[in-house]
Every structure is written in C-alpha cells, then in structure tokens.
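In what follows, chain A forms one complex with chain B and a second complex with chain C.
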Partner chain A sequence: MAEAGAATSRARTSEVRVRQEEYAGWRLSAPVMLLVIVLLIAPTIAVFGLSLTDAELGSSEWHFIGVSNYSDLAGDRTFRISIWNTARFVLLVAPASVALGLGLALLIESSVELKGFFRSAFFLPVVSLTVAMASVWQYLMHPTIGPINQMFRLVGLPAINWLSSSDWVLTGLAVIGIWQATGFAMVLFLAGLTAIDPQLYQAAEIDGAKSPLDRFRLVTWPMLGPTTLFVTTVTMINALKVFETVYTLTEGGPAKASEVLLWTIFKQGFTYLQIGSASAMAVVFIVVLLVLVVLQTRVLDRRVHYS
Partner chain B sequence: MSAATHLPGSCRICRVARLVVLGAAALVFLMPYLWMLSTSLKPQSEVFASSLSLIPDHWSFLVNYGKALSRVPMGRILVNGTVVCVTIVAFQIVFALPAAYALAKLKFRGRELLFGSVILGLLVPIHALSIPLYAAAKALDLINTLAILVIPFVLSVFAIFQFRQAIKSIPDDLIQAARMDGMSELGICWRVVLPNIWPAATSFAVFSVVAHWNDLYWPSVVITKTELATPPLGLLFFRAAEAGDDYGALMAATVIATLPLILLFLFAQKAFIEGVTSSGLKG
Partner chain C sequence: MSAPPQISFRSVAKRYGATLALKSVSLDIAQGEFLALVGPSGCGKSTLLRILAGLESLDDGRISIAGQDVTARRAADRDVAMVFQSYALYPHLTARQNMAVPLVMRRMNAWQRLPFVGPMMPGRRAVDAKIADKVGSVADSLKIAALLDRKPGQMSGGQRQRVALGRAIVREPKAFLMDEPLSNLDAALRVHTRSEIVDLHRRLGATTVYVTHDQEEALSMADRVAVMKEGRLLQVATPRAIYDDPDHIEVAEFIGSPKINLAAADVGSDGVARLGPTVIADGLGDFHGSVLRVGFRPEHGRIGPQERPGDGEVAVSFSLTRLEFLGAGAIAHGTLATGESVELRVGHDFVPPADSRVFQLVLPIRQLMLFAPSGDRLRTGTSLAAPHAAEAMHG
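And then the complex of A and B:
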C-alpha cells in the first residue's frame, strides 16, 4: 500500500518534471524563436518573394512577374560576367590558399622552434581589417611607385598594372585573397594535425615507412582527409563572398573585369534600387552556397570515413 | 610523443631549412605591415621617390597622422566600432545561452524545429538577406543609426550551435544538483552553465568581434554619415575625402584602424585562433 503510494507519487513527480521541462524549454528559447522568425525566416521568405516581383526601392508600386527575373538573369551580360569572375576568383584563391596553408602547417608542426611566432605571423592577415589592408596592397601594387613592381624591375621583370588593367585585376585581387585566406587554412590544418594519433606514425614506421614522404603519404594525408575537405569548402565559401577588396579598390572595374557576385547584388539593389532582380541574384547566391555545403556533407558521409 | 618527431625535421639541416623557408614566407606575409608602417611615416615626396628603403629620410609622422585624424573623425569612428561590436556580442550571448542550454539539456516540443532553423541560419549569410532587412530598417526609420548596425546581428546561430555543443559535455548531475538547491533554470544558465563553457564563450566573443569589426557590407548599406561610420566604412570615407595619392596619410589611417584588433590579437592569441578556427568561417 505504502509502496504503491510512493510509486504513484514518483510517477506524478516525474510527470510534473516533464511538464516543467517543457515549460522551461519554451521559456528559455522563446526570445530566440522570435528572433529566428523576425531576422531569419521572414527575410528569407521575403527574398524569395521579392525575386518574383519587379519591386524597386522607393517606389510603392510593384507587380508579380513570375520567374521573369531569373530568365532575365540568364541573358544579363553583367550577371554572367559576374558569375564567371566569381568562379575564376574562387578557383584562383581556394586551391592556392589550401595548398599553402597545408604546407605551412606541416612545416610549422615538424619542429618546435619559433612555432608560436610563425603561427601568429601567418594568422595576422586573418584578423586585420580587410579594407585597411586592401589600401596597403593598393600601394604595394601601384604600377609605378609600388614596391612590388620596383622589385620586379630590379630582377628584370616587366611592370604589371595589378589593379588597373582588365587582364590582371582578378589576379591582383586573388593575391590579396590568398594572402588573407592562407593563415586561416593553416590554423585549421594545424588543429587537424595535432588530432592525429602519434601511434599511427609509429605503426607506419614499423611497417617500413622510413622517409618523411612515406609517412606523409601513408598517415598524414589520409588522416587529414576530412580536415582538407572542410578547409576547402570553407575557403571556397569565403572566397565566394569576396566584396571588401572589390569595393575598396576596383568597384568592379576596369570594364567589369572584377565584377563579382556580391558586388553585383549590392549595386543592383542599393545603387540601381532594382530590388526585385537583386533578390533573384541573392537567391542564386544562396543556392550556390547550399550546393557547396550539401556537396561537402555528401562527400564527408561517403568517402572520408575511417571508423 | 608528439607528432613533431615523426615529421620531417629531425636532422639539423632539415631544421635549418625549415627555419629558412618559414622565415622567408613570414617575411612575405608581414611585408604589407612593414610597408604600411614605413609609408605612414614618410613624406609625400619620399613615397613618390620610388625607393625601396623602409626607413624614411625625413620623418613625417605628425603630418600624416594629423591628416588621418582630422579628415574624418577617426576617434569617433573607433568608438563607433567598439560600441557596435561590444553591444552585438553582449546581445548574442544573452540570447544564445538560454536557447543553447534548452537545446542541449531540456526536452520540449519544437526543439527539433528550432535546431533545424539554427542550421538554416548557418547557411544563409547576411548579404543574401540585406535587401528585405534594409527595406524593414527604412520603414522603421532606422537608417543612419547605430542601432541598425546591431539589430540584424543580435541573433547568432553560430553562438547557439557552439554553445550547444559545449553544454552537452556538462554532466547532467551538476545541473540536477543546482535544481535541488532550488536554482531556477535561468539561474542555472548564468551561474552553472556559463562558467563551465567559458572557453567556448570567449572564443565565440573573439570570433564575433573580428567578424563585425571587419564587416563592410551591412554598414555601407545602412550608414551614409561619416560620424556614424565603423572603421571599414570610415576608411572608405577617408579614401573618398582624400583626393589623389596621399599614401602617407592613407597608410596612417590604416594603421589607426587596424591597430586595435592587432593589439587585441597579440594579447589573446590563443582565444583568437580558437575562436576563428572553431567557427570555421570568417566574416
């Protein structure tokens, strides 16, 4: 009798506990739920909605025009140049900074001397104000007084119009992009390297992997697989968002040679005030990001698995 | 045994080679900073004399830095940046911590939905949402206010995601004991959970400050007044006000705008690297 009573009261307490937890959960996350709706879900829906209209900033009149904005984009010369330039920029910056980041991480991790100094030196560009450092690079890359071209001249190379010729501007911007992204890739690789179990190296040595190159090929590279994939995706996403340097140095020029996606969206929306078609571009941007992330998760699930 | 002994570098020549290669690379990476400092001290004539000397013949410190501080209200701009960044971080943590705790430790209906929207938030950057956010800001008459530099960022799904991971590793017994002591759930958040996830909180704070100190996109959408500019935008205004190629003054302005974050970095390197690494994203 007494035992049954205790059991019921225990059951009742646990029921009360469940209800309390439910209530507490809601109360604690309610502010965030509200913010998610206001700052995330509503604007996302609005971007999709706006992309189906001919809305303009400052004009209250707008019409539903279906997918016209999207079909217009396909034929829009500026937008096509912009996509093409962005892709080229990503393909210039991502592989180079991932490779450099990996190389630097391996070199830094291979011994203890000045480890901290080197790590900080290569990481410094990551935390430096991009607009400020872009101005510095503009001076470094100045066609006549810039130190880079002066050094080129000293060794007999021709001077290059890094940021003011349409042939070179994307390369110039990519140099700045690589300079900024390398340290970031490096610290991610350093984290990945320290996570590798040292016993694996001992095992590889016993199996006859004597040279450093063998050890890299048999242990380091395969164990770094997931890190490499992650670093590559993140570097690509960051490169896709190139904006600061373009705004500061070239404004998309000369002759649209540095027109990139975010700059095109920014101008279309906030200079030309065409928020309908700018929204369509933003949707394309979101889709590209989604595709990259989905690809990353897919590859991560299927191929890079060791457990 | 550390991984170090297994990678190339055990022989003396290898060690010297490592130092030479890394030293040369570091010199290249630090070159922009050297030139920035050097040029900010040079008079106009020396900048255009095209010499590769880093040490100025005549020092022009006062002229260049004087211009940098007077053409735009540089002090005000640095204060704006600090106020905006600190306010953003404070709000982000105040909102994210309770939600992250609820997601990690409490069972309630809607938990999966909330977590799903957090993941959505990780994917969609502010750039893509700037158009409706701008329209809303304009309708609410918030253009050219410091508040609008803060509002879109008070929700950080990064913070929720990272805090949730960190809170999961706190033992349930600890939380249960706090409940036994009669602590409220919100009290548990701030007095039990926060001290236990302090490293995650500081590294997030650093990540957030770096991201928002650097952000140019949103400020350039909503701010047109120089006295409300944050450092990146302030530099753009400075560049616009400074006709011609006065690189000495421009470099002085870049030194002033870059220095706060670099000093912070040199003092708190570990938190910086962890913050930017764990987020996986910059800006």
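And then the complex of A and C:
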C-alpha cells in the first residue's frame, strides 16, 4: 500500500514538473512569438484581408467585395505581362548566377594567393547600394557613350539599346541582376566548400579519381547538394523581388517590356492608390514564393541530404 | 627477408614549419607482411602512412613500392588502398557504388564514365558486369551483401567500416594502408573486427601497413611492430621481441598493459648495479656513479609473505597498497622499498593476509631489463642472464 502510494505521488510530482517545464517554455518563447505575430503573421493576414476589399489609399470608405479583385487580375493584361516578364527574369538570373557563383567559388578555393581579395571583390555588389550602382550601369549600358557598346563596336558587333529597347531591356536588367546575385551565391558556395571533409578528396584520389572533373563529380557536386539547393532557392526569391533597378532605370518600360511583379504592385498601390487590388497581387506573389520554397525543400531536400 | 621488400622507406624526413615530424625514417616491409606502426599521438606514424599513400609530400628521402620508386608519383598512381579512420565513404552513394568507385575509376575510360551517355558507350556493359561480380564477391566475403543498397547514413559504424574495407579490397592493390581503422568502433566490436582484419590479411596475403595508437592492437595483429616516438623509429621487431626484449626504455614503457615497472638501480665503484641493497648486475664500470633503470613486467614477479629467492632470482621488499581484482586474476598496486610504485599481476587465488601488507617480491634476474640513463637497453657488460648473478647477490 505504502509503496503504491509513493509511486502515485512520484507520478504526480513528475506530472507537475512536466507542466512547469511546459509553462516555462511558453514564457521563454512568448516575446519572440509576439514579435512574429505582430511583424510577420498579422501584416500577411491584413494584406489578405485588404485583397478582399475595394480599399483605396486616402479614401475612408471601403467595402468587402469578395474575390472580385482576383477575378479582375485574371483578365488584367498588364498583370499577365508582369508575371511572364518576372518568370523570364528569374529564369535568366537564377541559373546564370548560381553557375557563375559556383565557378567563382571553385576558382577562388583552388587558388592560394589573393583568396581574400577575390572574395571581397565579388561580394562587393551584394553590399553596395543598388540605386547608386544603377546609375553606374546606366552609364555602362548607354547606347552611344556606354563602354559596353563601345566594346561591342570594337569587335564589330552591333550596338544594343540595353535599357531602352523592348527586345533587350529584360536582358539588360538580368545582366545587372546576375552581377548582383553572383557574389552572394559565390560566398555561400565558398562556405559550402570549406565544409566538405578533406578526407573525401583523399579517398577519391586514392580511388583513382585523377582529373579535377572526376573529383568534382565524385565529391564536390554531391557534397554541395544542400548548399546548391539553398543558393538556388534564395537566388530565385531575390530575382522574383527585382524592383530597384526597374524603378530607377526603366519604370517598367518601354511598352511594359520590363513590367515586373513588384513594380506592378507598387504602381497599383502607390500611383493608382488601388490598395485592394495591389494587395490581391501581393497575395499572388506570396503564394508563388511559398510554392517555390515548399517545392524546393520538400522535393529536392530528400535528394541532397544523404542520411 | 631475402626477397626484395614490397615497401621501402629510405631516410624519409618531413618538416612542418620548424618542427621535424619525421627524422630520417628507413624501413623495409616484406611482401605479404602485416606491419603495425604504433606510438603515442603526434609521433609521426600517421604522417609516415600518408606519405606512403602519397597524400602528403616528403622533404627528404625516397619511397619505393614493389621495387619501383614512387617518391614523385601522385597517390592515384601508387596503386595502394587506404582505410581511413572516419571511413571517408561517399555519403551519396550506396555501399555497392562506394565499393565500385576504385574499379570504375580504373577500368572505365573517361567516355564510359560520363553521366547519361556513359552507359551507351561501347564496352561499358562488359565492364559493368565484371565490376558487379567483383563487388558482389567481396561483399560476400565481408558478409555485407545485405547492406549493398544502403547508403552510409543508414549503416552502423561497424557496417561502414566493412564497406570501407571492401572498397579497399576490390581493387587488389599493391598494399593496404590502414589509419586507425578501429578507433571509431566500440570496445567489443573493436576486438571482434581486429581478428577479422587479421583473417582477411591471411586470406589475401596483401602487404598491410596498419597505424594505431593502441599497443594491444599492434601486438595482437601484426607480424612486425614498428614503435615510433617523436618522428623516429625506436624499434622494429616481432610483437614478442618488442614485448620481451625492447631496445629502448620508451618502447618498454609504451608496450604492455599494465605498464612495465621501473626502478632506479645505482652503480657503485665496483661496477655492480643494485636494486636497493640487492645486486642485480655487474661489469658496469662504465656507468659508475650514474643511475640506471631496471624494468620488469607486471607478470614477472612473485609476491607472498613466505617467498624466498631461489637460484637466479632477487628479492625486494614490496608493500601492497591496493589489490585490483579483475576476475581471472588481480593487479597488486604497491611500492618498492626504494620508493617506486609498481604494479604486479597476481593469480586469482592471491589473498593478502590481514595482518601484513609487506611482502617479499621475488624477481627472476633473467626477466630484468636494464636501461642506461640515455634510455638505451643495456645487454652487454651485464651478467643479468648469467646464472652466477645469484651468487653475486650473496657475495
């Protein structure tokens, strides 16, 4: 009897302890959860709520109009162009900057001297102000006095209206986008490279992997899997968010040839003051981002982590 | 060793900055021999192995494998296989693919190895079949056939270790190099795998260089043991000779568990060395005035209240401080009359009497080892092994 009683009281004390721990856990995480709710979740819900109204900036009166903002978007030609342009921009920038970033990282890692210099040099675009750099690019890409076109002429190529022809403007912006994103990808790849167990390279050498290509395929590329997945995801998201260069250099033109998502949302909300429909676009944008992230982590994660 | 050595180091030296990691190491290893490189951490044993593999450069000396000078050859061209301490398996490949890598790299040309188009290249199918056969038969011999489709992350340490062994074996290399392959396994598995590696070596007959910091591993596995310290080879000999007849006090101290017991022995003007009052050697006039060290293994002494030295034996007083019971036997910890603490193996039945902690420790003079102040073993000039030493003691 006494033993049974002791056992119950022991069980009770351990139950109390578990509950106390739970309580302490909630208390400790409360500040962060509060911030997450106020700064991240609440605004997202607010945007979603606004997207269901006809709210206009400056007008105090607004009504719930259901999903009609979304059905309007489906028929909006500008919005369709914007989505198409954004997709093309992402497909130009992400693969190129991931590949260039990896190439640079491999080159820098393999050289002994000037490692630090190259690392900083290629990282510079990441930390420099895009708006300030945009004016430099405007000069570089100027149709007549720009150095890029002057070089083209030197080798007999036709001059290109990088930022003012509707055929080339997206490519021009993509070049700037690649210039910015490559350094970031490179730094992440450098970190990934240093994390590879050097014994794997030694094993590969002993196993007879003599050429750098063999070693890359046997060790480097598979070991960089998680890094590559992360770099690709982040680069795509950053490319989706292209805005500053469009704002300062092309304003979506000419003839909507550089109309991209954020620029369209910005104009809708702050030029036309249509907060409701801008919010609907923003929700679409968030959904696209989420789908991308979930796809990449769920589908590819299983293929790059080997345990 | 009349046949030419399979592996030969000639005055190999290696510097890291100002420190000399290897000081002119010369060593021959015979075809089919199992040589253990043993020593405390930092003694240079791993460096020597990595230099042999070609993973590290040397600053001086030559290395040859199977009669060919490979000093300037890169690791991939030396045709040696290595088992790493961390196994170094490719985590994205299955056990089968891991084991196939050395064969794929050596038997397929660059075209056949290409992704996507490689499998369509001429001759690829025949090579594939041969590789699969070889991997299969090695996997059978290592009893890992059931694991072949698992990736390293899904295997236990012992299983990974076997796959790493398999990767080394499939190629039939000129030599196996093993860098502490058992130190990441738990104790029980380590002893088991130890005998498996020995069996494997016997079966394959391949020259093996085995680096370990565990003297027991070295003694139990190797044909010959090379004891290293501070970048130097102290002694290379059979396990029995290393244990029974060490050349140097460092070897004597490193090999054996519990450690060898050491006591100071003064050399008088008569050239006679004494352990306390007892004479243990003579003819040491050269060492007059200096203190020699006399060593004896824990299993070589008898203790008991009634023990008396017989012919060729000496006796010293020993006071017991602790008896460590180990089941089959026990270790008696105590101090000699001269102050040194010693450990002795005693039998299962040894029970110290309650009234006395002081015993006579009887040592056969034949089993005593005498070391000069420099640490070198003294074999000449002593009469340790001679029968009349016992009389000298009484004289």
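Simple rule for what comes next: the second predicted complex is superposed on the first by the 267 of 307 C-alpha atoms of A that agree within 3 Å, B and C clash if a C-alpha of one lies under 4 Å from a C-alpha of the other, contacts with A are read in each partner's own complex, and residues count from 1 in each chain.
Throughout what follows, contacts are C-beta pairs under 8 Å (C-beta built on N, C-alpha and C of every residue); 3 or more make two chains touch, one makes a residue touch a chain.
In this text, all values refer to a predicted model and were calculated from it rather than measured experimentally.
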Item to complete: After aligning the two structures on chain A, examine chain B and chain C and state clash or fit.
Response: fit
Discussion item. Is A:210 touching anything from chain B or chain C once the two structures are fitted on A? First, second, both or neither.
Written reply: second
Discussion item. If we overlay the two complexes on their shared chain A, which of chain B and chain C does A:295 touch? Say first, second, both or neither.
Written reply: neither
Item to complete: Pick one for A:91: touches chain B only (first), chain C only (second), both, or neither.
Response: neither
Worksheet entry | Which superposed partner A:16 touches (first chain B, second chain C, both, neither) | neither
Worksheet item: After superposition on the shared chain, which partner residues are touched by A:36: those of chain B (first), chain C (second), both, or neither?
Response: first
Practice prompt. Name the chain, either chain B or chain C, that contacts more residues of chain A.
Written response: B
Worksheet item: Of the two partner chains, chain B (first) and chain C (second), which one does A:67 touch, if any: first, second, both, or neither?
Response: neither
Worksheet entry | First, second, both or neither for A:129, with chain B first and chain C second | first
Discussion item. Output check: A:99 vs chain B and chain C. Expected answer is one of first, second, both, neither. What do you get?
Written reply: neither
Item to complete: Look at A:255 in the shared chain and tell me whether it touches chain B only, chain C only, both, or neither; answer first, second, both or neither.
Response: neither
Practice prompt. State the minimum pairwise Cα distance, in Å, between chain B and chain C in the overlaid complexes.
Written response: 8
Worksheet item: Which residues of chain A are in contact with chain B in one complex and with chain C in the other?
Response: 202, 205
Worksheet item: In their complex, what parts of chain A are in touch with chain C?
Response: 197, 199-200, 202-211, 214, 217-219, 222-223, 225, 306-307
Response to the item:
Per the touch rule, the chain C residues reaching chain A in their complex are 53-55, 74-77, 80-82, 84, 86, 88-92, 101-102, 105-106, 110, 113, 115, 151-154, 167
Discussion item. Under the definition above, what is the set of chain B residues touching chain A in their complex?
Written reply: 1-4, 6-9, 14-15, 18-19, 21-22, 25-26, 29-33, 35-36, 39, 47-48, 50, 52, 95-96, 98-99, 101-103, 106-111, 114, 117-118, 120-121, 123-125, 127-136, 151-152, 154-155, 157, 160, 185-186, 189, 210, 213-214, 216-217, 220-221, 231-232, 235-236, 239, 245, 247, 250-251, 253-254, 257-258, 261-262, 265-266, 269, 272-273, 276-277, 280-283
Fill in: Touching residues (chain side chain A, partner chain B) in the complex
18, 21-29, 31-33, 35-36, 39-44, 46-47, 50, 57, 104, 106-114, 116-133, 135-137, 139-140, 142, 144-145, 147, 150-151, 154, 179, 182-184, 187-188, 191, 193-194, 196, 198, 201-202, 205, 212, 215-216, 220, 230, 234, 237-238, 241, 243-244, 247-248, 262, 265-266, 269-270, 275, 278-279, 282-283, 285-286, 289-290, 293
